[in-house]
Amino acid sequence: MLHSLDAFLGPAYFYLFALAALLCGGGLFISRHPINAAVNLIGVMLALAGIYVLMGSPFLGVLQVLVYAGAIMMLVVFVIMVLNQATDHQVPRFDGYSAIGALIPVVLGLSLLRTLQHSPHTQDAGAVRGEVKPMAAQLFDLSANGPGYYLLFELIGVLLLVAVVAAVLLAKRSLDTETPENSDVAHKEDHHG
Amino acid sequence: MIAVEPTVLLLPLILTLVGGLAALGAEPFLSRAAKHAWLPWVAALALLAAGVAQVLVPFGHAHGLFVLDSARQWLSLAVLAATLLSIAGLQQTLSRDDYPGGEPYALTLFAAAGVLVMVLAADLLALFIGLEIASLAIYALVGLRRDSRTSNEGLFKYFVMGAVFSAVFLYGIALTYGATGGTRYGLAVVAGREHLLLVGHALLFVGLLFKVGAVPFHFWSPDAYTGAPSAVTGFMGAVIKVGGFTALGALWLNLIGSLGGAATTLAHGPLALDATVVLTPAARDTLQPFALMFLVVGLLSIVLGNFSALKQTNARRLIAFSSVAHAGYMLLALALPQLGRGELDHEFALGSLWFYLVGYAIATAGALAALAALSGKEDANDSMQGLAGQGRAAPFYGLVLTVFVASFAGVPPTVGFLGKFLVFADLVAKGYVVAALFAMLMAVVGATYYLRLLVTIWAGQPKEPAHTGSSLMGQWTLAAAAIAVVVLIAWPNALINGKVAPHAISQTAGAALAERAP
Amino acid sequence: MNLTSSLLWLLPVLPLIGAFINGSLSLAGARTLHGPSRGFVALIAVLAPAASFVLTVLLAAKLPPAAVAVMGPAPTGAPAFTQVLWDWLSFGSVHVPFNLLFDNLTALMLLFVTGIGTLIHLYSVGYMWGDRGFARFMAYLNLFMFSMIMLVLGGSLPVTFLGWEGVGLCSYLLIGFWHTNADYNDAARKAFVVNRIGDLGFLLGAFVLLYVVGSLDYRDISAWFQSDANAAGIAAKGGLIAAAGLLLFFGCTGKSAQVPLLTWLPDAMAGPTPVSALIHAATMVTSGVYLVARLADMYVHAGALHLFGIEFTVLQVIMVTGLLTAVFGAVAGLFQNDIKKALAYSTVSQLGFMFMAAGAGAFDVALFHVFTHAFFKATLFLGAGAVIHGLHHEQDMRRMGGLAKAMPIAHLAMCYGWFAIIGLPGGSGFMSKDLILERLFGLSGTPELGLMVGMIAVATACLTAVYMSRVMFLTFWSPSRVAPEVRHHIHGTPITMAIPLIILGFGSLLAGLLWTEHIPQFSLVFFKNFLEPVVGPAQALLSPPMAEGAGTGAHHGASPLTIAAWGIGAALLGLLIAWANYRKGPRGRTVAEHPGSEPYGFGAAWTWAFDRVYDWVFVKPVKIIGLLLYWIVELAIVGGLTYAVAGIANFLGDGYASVQRSRLRSSLALSAVGLVVIVVFLLSQLG
Amino acid sequence: MGNVDLLQVQGLAAVLFCLGFAVVLARRNIFLVLMGVELMLNAVNLSFVSFSRQLVGNASLTGHLVPLFTIAIAAAEACVGLAMVICITRGKDSVDSDAFSEMKE
Amino acid sequence: MYYLLVLLLAPIAAALIASFASGKDGDASYRLGLLLSLAIAGLGVPLITCMTNLHVEHAWFTLWGTNASVGLRLASDGLSGWLIQLVTFLTSVAILGARAQVGSRMREFLACVFVMQALMIGALLARDLVVFYLCYEGMLIPMVVLIALFGGAERRAAAMWFFLYTMLASVFMLVGIWYIAYHLQTTDLALVVASAGGLPREAMLPLFLAFAVAFAVKVPLVPLHGWQAKTYAETPGAVVALLGGAMSKLGIYGFLRFVLPIFPHESVQYADWFIVLGLIGTVGGALVAIVQDDAKRMLAYSSLSHLGLVMVGIFSFDPAALNGAAVQMVAHGLSVAALFVLVGVVEARTKSAQVDDFGALVGRAPVMAVLFVIAALASAALPGTANFVGEIQLLFGTYRGIGFAAALIAGLSVIFGVVYLLILIQRWFYGRAGNLTDQVTDLRPGEVLAVLPLLIASFFFGFYPKPIASQAGVVAEALGAAPRAVMRATAEQPQSQPAAIVVTTSAVTSHP
């Protein structure tokens, strides 16, 4: 649907999304409370989802909204809420370090922009749209001559498993297995903690 | 280079993962003592199986995504060995500390698997995924002592900085992809996008320099090294260096190859790590800034690492800074030969780096496992004062630690010596005599603090007998590793003399890749 | 060569075995209550040198008659037994075999070394019988015999040097025999060190000689110098040869206590008296003379030296050195209160006489004096030892007197020795001293020098008579000053001490009879002829051969009889002076005023001055330089440098380590700067 | 889309990347730091997608596929990151990054 | 021919056996170690009897960027053979002597000592620059551990100094080896010697210095001796016996084997420097020894003095001196080991080696006294000891090759050398009892066994040095052939003419 938007509307939407993304990004930068920041970040993500669609990658756009804005950021917000710190308000938003800190990315950004300027950025007519079917075909091409992305896909599974285990290891209150002989120890430790 | 069935090529990886899964799966059903009694053996078994597999798996590549060659085989074996040592160290540490969970064993194996991915990868995305697997697992391992302030702080810094530089690395992938149209190593650059390629590689290199802890991206290492349990420190120091440097070297080699061999690289598929590539004058001109960067960063790392380590009073922090210096030495291997250095000024190979890396990995894992044994409960005794005379109290661990530290210091007859020897010899052959001399002098500075460590553990009077918590696995693996650190000097050829003809890669795989190229 | 030759090695080895056995016994018995069996030790100790003596006599008897070889400087050299034991040193083209040489000179030396040595061993058995370290003492003595025999028997300079250093070592061990006394130890050390100084000269001289001649074998050296083929070479290398001669003579001054290395000998009297008799009177100290005689061929061929515009020869240096030493020793001897020190200075003086003779080119005469001196000085020392022994180790002559009756044997023996040394006719000293004076007065080449030296020598002989008579007066012939508590316990002389005393006493009278060329009715030149094959060619070269016999010696206005008269007159004068001064006891301060046995007075001051000068010029500077080197160079520079480097490293370590940030943002910012720098740099390079 | 200037898209990606970087460097709140990282990752994804428009065939598809993986990785990273925050705030009751600066040089 | 390999690996095996097979029982370890060391010593004997010229080569690796194939090139000749005898012999001695000081830590001691032995043997057999360096440098760690484990109060500093000095010095040599490998495309010593002319002229001096400094530190040569006194003083006597007796010889060996053949021109050109430094060491070392108040420190400076003389001799290039250097290496090894073992025994009993702490020991420990005096006399080069043979050759060579003045100055050490030893003997064994005399007991049989063979050997070779001189000495003479040829070629007037003598000589007429 969106891909049928005509040539005029494309840039217009892009500028709209870009503006939104930049504004939200700026909002993230200056927001006082993490919750505000999270909302701003979600804004950026949604704007980017729009640009993905514009760029001919509807599947990514959907994922961006569902997984990123939906799932990840919800988790972030949840944790923020759980750990809502009273002390946090006394921490200034910016200090002397911040100025230096903000300056470095500026230089980096200028360099990157200059680099980008140096190379041609022409749309290629042969570019394939990132729709589900070709992507799936590419992703799950098991042939010996294929790109082998399915292997990486499997590895992503490992990655997520690792992430879960790591998160459990770090965040779980007590690591002890709830076996009868260990419960005493666990209790003691709890008291101790 | 032939195409190999992925399940075969990745068998060691799979076995490692299986081991991790088995450990993870068994963990909830075991009592606390049983966890530390049995899970390490599960892990060790898996690692040994993976090691055997690693020796048996034929060289080749899978989809051009993963490659196995002689150097990668050695590096993978080094990773497995370091993991085994760390598992043994972890067993000692965790059972001594009466740690409530068994997940660290599984995570260690997962991290090892991630590093194996990094080693085998010939694709930036695969590399990134491997890197992330390893990093996430290691973050958790660094934060293992959840109640320890230092552990928390180390974890925090390491994680945040790691995440930032992961993003930088990823951006590098993006730019490289934009420049070459793919994520495979060493693809030919699309005309007019050289800047993208180079800046992309700059970001990639920075991302990897962070991982290996080179100045000025090293700030995490002292804190993370100190925050983590010693056994984890050893693991992290060893495998991350292997993964990072393998990737760094592979990318560098492929970059030289792709610029030098023009389009042939794409046609011929991934390069073997022990390949010798042709350095064309054009490539030299283009890549000179990178070469200079490696030299400068390397020398900076050497100077900063060594001088910072000089005054450290904590053994692990000392080793952390020294690891910065080691990263510097290894970076020197990446320097390009100067023009006019005879007929060899247009050739480039990284054998010395691989050898250094293998030796360093084993020594690091071993040294910290031994240190873990010597530094008592919660690794609380890892200051110089705490370690004083512990070699007398526990001669075995003192002795193996001595061997490993000698290897760090580059004292013969250890792999550490031969590694430095080869790297610096390369440097001389490449025409950087002054840099080599300087690095050698810095190595002596480095030897000073290593020596201080040795003298401390042997010369001091132990205040209390070391709480070694020695284990069978710990002793056997450490003994084997100590012997290996000496004996390995006999076979540097496998790594440094793989005079593979430039781009001697399987035609079929190359053709397959070429098909998909624009 | 033959059976006789192949036995040479036994000569030194016999005492060595003795030394080994006694040394082992001493060690083994160190823990036991009484130590090893003294009888057995004594038996071994005396038998070993005695066997050597017997063997020496047998070998000497078998030597081809000297007359056969007098035919002239045959290239084959003097008749001798030689034995090459094995290849010792060999480097480059140089080969020094471990060889033994037994020719007439050796035979002569060995005869009195082993002969007198055996007697003194016997004497020591009595003297040291009660000492806890009896076995050790005997072992040292035997070891000394070994070394001395090696010295004399060695066929080349290195082998001689083996003995040369060996006797020095034994001297060290024996001087410091009573090792709980720090002064004795100091004396021993001083002896060794001073000897070493001389030994350096010996070594360097040997090197120069080796460089010139290409060999260190005595027979090779003699042959080389005697060979006409080498005349040009000798002429061209005269300077080097002279240098070698000087250096070797310097070595001799150390061993033979000549100026300037004489200070150790008086101190060496710290050792037991038999040691003084054997080592510091009869044998070791004369080895310098032996060496000069042994190398006579070299000395006569040495080139002239120039210093401050004066041209002189090495032999003249030797002569003048001998003269100085003789005068010094005689003067110093006058002022000693310690009986042994008086005798020690006497030895110094007599050694001076020997070197005077050698310097005059009369090597045979010098050796003759060595020979006679060995007898009479051994007698004197042993006599003194008997006195000391009898007086419970009292050595101060101011506490003696009137002992003639209490110790008749000692008195008699010492009388013989005294008679000999002051040069009264009939004593052996008269014969040899007379010959020396004659050769000095008859010096060819530089007669003025000879005359001058000769006159001083006569004066010195007079002094000799004074101080020796003084010793006799103070000890035996003056009223007794022995401490009352000692007076009633004066020992007699045990038989083992008496026998050697008597034999040596007679020896000191009769030894002179071996060379009596100026006694018309009794002209016996056995000694001269005996040595002729060895030193003859050299002496012949130096002074044109004279007709043998009386009346020809003096072309400078002094006939042999005149010279003899001069000598006798000097002796009588000296005796008179001593009688006048000392017949009633010592002059000057008494014991009460000046307790102890420290030397005092003019002569004492003299040697004291020597010691002080050495102390200030050599000993102290050495220590100070050592300390300075240690403190400045070692500690300050080397150590300071090391610490400085360490300090710089630490400083840098501090500086660089502080790059490490503790805040996340700071670290991250620094890393980010690194990233930016890299990217910007890359872009700037790309243009 | 044909008419969107890809340079501008890339520029946007670069700016967002640096904005995220700036957040990380400038802010002290750990949550903001983590969100800055997320922003950086997002920017890179945009870059990928943009580049894919300039390429042909499978190469073009890669640009769409990589962000898929990236999103998963970002999710995993966020997961561990949040666990990390929970872990460290347990020991020290603060989400101020400067509070974690006890380890000196 | 696997003999050399076996010889090289035997001590490694011994180290493993000793460290794993023996338990915490110090005595059992001691017996085992002694047995092993004696077996190894026996194993090495054929090197000087029936298998004097062996060569073996195993490929190792090729240096990148060159065709230089580094190989395990081992060979033995008289010089290597004799020094290996010294090493194996002194190892046994060290084990015997260390018993009292090491006690229950025998296992660690044995492991370090055997590893050191293997590396010393390796360095002596190596005919490849890299292999040599590997072994040469590898000795550091076991040595450092020995010092750290068994040293005195200041063992930390001693270990650090020792390590830093030696390591810092050999770094340059390593860079030199690379440079040579790169330029000559080989690390085979024989080839390097043969083609050393192919090195760039301007690089020769730095290369020469790199090698010379590396070896000079180990000898040590003034002014690179800063580590020595401290290390010797802080290290147990038995270990110093090995360090000073055998390891320091490797420095001299390096000069003979590497510096002279590879850099003949530079050696000749800069010989004066080494001679002067050697002379300073010879005389200065002896002088400083006189004022020391610690016996081990004194003996350290004594070593400095003796080995300084060896250096002077070597840089005279005179055959006699080179031969003497070879003999003196063995001789000094024997005598200094004996002295240090004895001092170590005293130290083990009393924890002190101060000159002033003792006195009248001859009464309490007569056997020790006798052996000590004999060892001291051997060290002072009394004729009849091997040291005399070495020193006389060195001095003569110095005189012939350099000149009289050098020989005279060097000869001064003969005098000073006896002074400090006599002082030590007098203070320790004679006179009145010191405050620690009571704690000294006489030698145990094992300790006698450690010292007595050394002294017997010293005297045996003193009277019959031919085996050493004709095997090791001849090799040393040959190694000096290259500089000698340079000297002949460059100097019109032969340098070997002894220079001015004390008294100027006239044109010389002998006495008519």
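When the chains are written out, they are named A, B, C, D and E in that same order, and each has its own residue count from 1.
Simple rule for what comes next: contacts are C-beta pairs under 8 Å (C-beta built on N, C-alpha and C of every residue); 3 or more make two chains touch, one makes a residue touch a chain.
Because the structure is predicted, anything quoted here is derived from the model rather than measured.
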### Task
Could you name all chains that are in contact with subunit D and with subunit E at the same time?
B, C
### Query
By count of C-beta pairs in contact, what is the leading chain pair?
A-D
### Summary
In terms of mean CA position, the chain most removed from subunit E is A
### Message
Taking each chain's centre as the mean of its C-alpha atoms, which one ends up farthest from the centre of subunit C?
### Response
A
### Query
Quick one: most central chain, C-alpha centroids?
E
### Summary
For the pair subunit A and subunit D, the C-alpha centroid-to-centroid distance in angstrom is 6
### Query
What whole-number Å value describes the gap between the mean CA coordinates of subunit C and subunit E?
36
### Query
Using mean CA coordinates as chain centres, what's the subunit A-subunit B distance in Å?
29
### Task
Averaging only over C-alpha atoms, locate the centres of subunit B and subunit E and give their separation in whole Å.
42
### Task
Quick one: which residues in subunit C touch 2 or more of the other chains?
657, 659-661, 663-665, 668-669, 672-673, 675, 679, 683, 686
### Task
Quick one: which residues in subunit A touch 2 or more of the other chains?
97, 100-101, 104-105, 108, 111-112, 115-116, 118, 120, 126, 147, 149, 152, 156, 159, 162-163, 166-170
### Task
At least two other chains touched by the same residue of subunit E: list those residues.
164
### Task
Mind listing each pair of touching chains for me?
A-B, A-C, A-D, B-C, B-D, B-E, C-D, C-E
### Query
Quick one: in the complex, what on subunit A touches subunit D?
3, 5, 7-8, 10-11, 14, 18, 21-22, 25-26, 28-29, 31, 34, 37-38, 41, 44-45, 48, 51-52, 54-57, 59-60, 63-64, 67-68, 71-72, 75-76, 79-80, 82-83, 85, 87-88, 91-95, 97-102, 104-106, 108-109, 112-113, 116-117, 120-124, 126-128, 130, 134-135, 138-139, 147, 149, 152-153, 156, 159-160, 162-164, 166-171
### Task
Using the touch rule from the top, collect the residues of subunit B that touch subunit A in their complex.
3, 6, 10, 17, 24, 27-32, 35, 62-66, 99-101, 103-104, 106-107, 110-111, 113-114, 117, 125-126, 129-130, 132-133, 136-137, 139-140, 143-144, 146-147, 155, 175, 178-179, 192-193, 195-196, 199, 512, 515-516, 518
### Message
Could you list, by residue number, the parts of subunit D that touch subunit C in their complex?
### Response
21, 24-26, 28, 97-98, 100-105
### Task
Please give the residue numbers of subunit D that touch subunit B in the complex, ascending.
10, 13, 17, 20-21, 24, 30, 33-34, 37, 40-41, 43-44, 47-48, 50-51, 54-59, 62-63, 66, 69-70, 73, 76-77, 80-81, 83-84, 87-88, 90-92, 97, 100-103, 105
### Contact set on subunit E toward subunit B in their complex
19, 60-66, 105, 107-108, 111, 119, 130, 133-135, 137-138, 140-141, 144-145, 147-149, 151, 155-156, 159-160, 163-164, 167-168, 171-172, 174-175, 178-179, 181-182
